[in-house]
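Working notes, structure below.
Think of it as A, B, C and D in the order they're written, each chain with its own count starting at 1.
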Amino acid sequence: MSAYTTSEMMTVAAARRLQNGAVCFVGIGLPSKAANLARLTSSPDVVLIYESGPIGAKPEVLPLSIGDGELAETADTVVPTAEIFRYWLQGGRIDVGFLGAAQVDKFGNINTTVIGDYHQPKVRLPGAGGAPEIAGSAKEVLIILKQSHRTFVDKLAFITSVGHGEGGDHRRQLGLPGKGPVAIITDLCIMEPEAGSNEFVVTSLHPGITREQVVENTGWAIRFADRLAVTAEPNETELGALRALEARTAAAHGQKGDDQ
Amino acid sequence: MADLLSLSEAVQRFVNDGDTVALEGFTHLIPTAAGHELIRQGKRDLTLVRMTPDLVYDLLIGAGCAKKLIFSWGGNPGVGSLHRLRDAVERGWPQPLEIEEHSHADLANAYVAGASGLPFAVLRAYAGSDLPKVNPLLRSVTCPFTGEVLAAVPSVRPDVTVIHAQKADRKGNVLLWGILGVQKEAALAARRCIVTVEEIVDDLAAPMNACVLPSWAIRAVCEVPGGAHPSYAHGYYERDNRFYQAWDPIARERETFVAWVDDYIRGTRDYAEFQQKLAQANAAEAR
Amino acid sequence: MADLLSLSEAVQRFVNDGDTVALEGFTHLIPTAAGHELIRQGKRDLTLVRMTPDLVYDLLIGAGCAKKLIFSWGGNPGVGSLHRLRDAVERGWPQPLEIEEHSHADLANAYVAGASGLPFAVLRAYAGSDLPKVNPLLRSVTCPFTGEVLAAVPSVRPDVTVIHAQKADRKGNVLLWGILGVQKEAALAARRCIVTVEEIVDDLAAPMNACVLPSWAIRAVCEVPGGAHPSYAHGYYERDNRFYQAWDPIARERETFVAWVDDYIRGTRDYAEFQQKLAQANAAEAR
Amino acid sequence: MSAYTTSEMMTVAAARRLQNGAVCFVGIGLPSKAANLARLTSSPDVVLIYESGPIGAKPEVLPLSIGDGELAETADTVVPTAEIFRYWLQGGRIDVGFLGAAQVDKFGNINTTVIGDYHQPKVRLPGAGGAPEIAGSAKEVLIILKQSHRTFVDKLAFITSVGHGEGGDHRRQLGLPGKGPVAIITDLCIMEPEAGSNEFVVTSLHPGITREQVVENTGWAIRFADRLAVTAEPNETELGALRALEARTAAAHGQKGDDQ
């Protein structure tokens, strides 16, 4: 096994969660990279939908924006943005909503709006985008982001997109159709909601990562599942496909397409 | 019937200070040239509506054209923050900016409702989100059949919508294709619509079910090739990713921003002259 | 992913007695072959939804497949009445038919709401009309912003929608063009969707923004060339206006109707055999 | 002037009401024939919209159905039927709704649903179709139908599509955006709503038609305007264009396309 970065581990681990044939509503950046890696490896028939309108996109290089021409050219069809949200997402046709986040809390709620007070913000983030309704209506949600004290916080200043709300069956009480986040994939580990409480606990540590590292990089008292797995290392196929994808992207754009 | 006008004349005729204006285009076909012209003409107190404010609204806000922003995602896609938007929200420069914040699904539905002549849109949204706490316009409505409580949001009815499209014919019928975003809905939701196009042709040669805006549904068509830069026009030119990155240092500080606007926008007569100037600067940098 | 099936197998697998079924197609691409197959398989107690019942529902109603009809315009276009529909409504033959009556705008919006996963649609409709007096499902909702009272109608969510389209590829992706009607909305509003097509091809060669239904959104694709007769399939064959006129005397009396159905539908194994028989009869008549 | 039929007079008189450049939502049958005659004579830039989806249709031959392929082939674009009703009609973009009817009353209300009791009908008509919302939302409405005691009735068994309701400002009270029917064009005369009452009165008699004929063929006590005009006879251009259109239609379809 060749050496790999924690970023690569994160992307590979996230890509593995996407079942072949699943219909996936893809956020730009890390989710898009992981979803396309899945499509190029284990899940060739995954269906990628971007909020800008492409359905069944099969980009050769990663898009830098949510509406790159590459997505339109490789899609089965391109529909108006409103239709994406109305017929395809709210219509109940999305199996997996694949989201990034600026911050998450222990119940998988997401903040992409503001840090500090809404009216006197410490940091103003981009805002909601498509996430609140993806988080609400996709049959399940995967979240991918780099783990740190600043991103995994005890209390969000602002809940932009709901995960399991206040935990337990709060989500059901809210009447949300989808079952919410089923995994958070980071550069350190995989977290999944604990049965009953729906609090995210670590279920798999990436190779070489210690519990201490995870604890240090989590803003709440993170817990570990009794049966804690170790994530399988990226294999040659996965790494090869990921690096080739990034190389093609860099050649086309001069960027790897994983920002934002 | 739409008039074929210069962009300058169209903006003069159809955009008033204080108007609610939507410049739409979802990463594709962003009407940048029209944004520049609003600045050149010194339009003031605009309420700007746009799902993704993007560079075009960072410009308008920084240049002092806007008093309010209605939006659902405000960033420089793939790069980072919109510094002028943040400066206006966080420090009131060059003037305070009121913001009204939605989600994409909400605003997309609000444009659909606007195009449909309805006062509000119904969608399944916002349960568990804090957005309704900061936006009192996110309300609810109860289904008279099932009792389900759904989100109700006001429709968007801009005074003026501006979009950019690939082609128009000489009668002013407009064709766009590729990523369509919410342009058709934004155009039809507006009282007045201006369309800038890459080119005016004899025959649109549109597929039977293509996205065509008939001439009589819009007010003005303006030929502005390259008018969607730094976004792209499918079939004409690609996204200028370098410019999105270059924008970050320009917009980061007030001084560099003002200098850029004075030089490139207020200092040029029209978009063609702007393009020339930008090309010269790029060529100089490449040397 | 859609399975490529024979029409007989698709109907067997996906349509149950008692289902709510929508066969859609607005004068264009009417799924007649699928209607025949429902009769051949003796499906019963169906609630039939369709904006324009047309010959295809006259047939199903006369053949005793339906217990209820949800519709907005019931005639033989350009000819006159649907005699079997009238006989069922007015005299309960071959069994009573409950009718639920809407307007086109209402049902079109109801399909949109169904496709959008919403329980109801909002539209400006029915003020001053007597329709709400005879259809208790036409209710109202008040705009939480303006106080305007608008019509609220229940969304349509068929158990099964059947549409006819021009082409599918071998994966089951479907392309239609021309008059699109409400087919896409009806397909997406349904729990299960069957699509009959003129032909299955290697490559759809669809324009970028064409009306394409992806394979994974439907259950079955069935190749049934000519399956929209006597309506038309744009690019394949024209409307058979003569057949619409010929239908009038066939359907006018119970005896002639029953004889025709026994002969042409129950007496044929499938749609191909029906077409052969019809062609033979037309040839004989022409002699 | 060549001889002409009362049917031709009706179609020509109706066609003349359509201003050049008007955006017209066209019903099938008589309205479609008159609207296309207008397009082929005095109003070449009239925009014809059919509920099936074509916008800007310019058919060479009259359609027999509301969704003939000819309409799609000659249109500027063809949109989904729901969009026609949502963005174009309800969106307030229709200048003229051009309707036929089975029956009208003195306030221009239309019945296309049922004669007799709704649940025990004497005659079951086709139903509403697009008419109720065209009647409600078009900026103004033209009605064309042959005049008889059976079609111009004192009291409708069923109001499918509202005209001026109970007369006066009833329509405004109902909150309807359009101003309702501005003319009924028949094979005998033209009726227009009287200022104030909005009751339809005869404002123009077709040449050779007597007041008595109109009275005999109207189911209510029809009144005549003080300044009663005589409709101008069809001129050569109008008759020529109409007959050529019907001849082309008959050659294509074996029918003239004026039924229903």
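One rule holds for everything that comes next: a contact is a pair of C-beta atoms (placed from the backbone, for glycine too) under 8 Å apart; a residue touches a chain by one contact, two chains touch by 3 or more.
Keep in mind the model is a prediction, meaning the values are calculated, not measured.
Looking at chain A and chain B, the chains that touch each of them are C. Interface comparison, C-D against A-C: more C-beta pairs in contact at C-D. Separating the centre of chain B from that of chain D, both taken as means of CA atoms, is a distance of 41 Å.
Rounded to whole angstrom, the centroid-to-centroid distance between chain C and chain D, based on C-alpha atoms, equals 28 Å.
Looking at chain B, residues 112, 117-118, 123-124, 148, 178, 180, 184-185, 208-211, 234 sit in touch with two or more other chains. Counting partner chains per residue, chain A shows two or more touched chains at residues 72, 78-79, 86, 90, 137, 177. Shown are all chain pairs that touch, namely A-B, A-C, B-C, B-D, C-D.
The touching residues of chain C, counted against chain B in their complex, run 117-120, 122-124, 137, 139-141, 143-146, 148, 150, 152, 154, 177-178, 180, 207-211, 234. Across the complex, chain C meets chain D through its residues 26-28, 51-52, 71-75, 77-81, 85-86, 89-90, 101-105, 108-109, 111-112, 123-131, 134, 148-149, 178-182, 184-185, 211, 232, 234, 238-239, 241-242, 244. For chain A in complex with chain C, the residues that touch the partner chain are 21, 23, 45, 47, 55-56, 72-73, 75-79, 86-87, 90-93, 137, 177.
Taken in their complex, chain A has these residues touching chain B: 28-29, 51-54, 64-69, 71-72, 78-82, 84-86, 89-90, 109, 113, 118-119, 121, 124, 126-133, 136-137, 158-162, 165, 170-171, 174-177, 253-255, 257, 259-260. On the side of chain B, the complex with chain D involves touching residues 1, 112, 115-118, 173, 184-185, 188, 206, 208-212, 214, 216-217.
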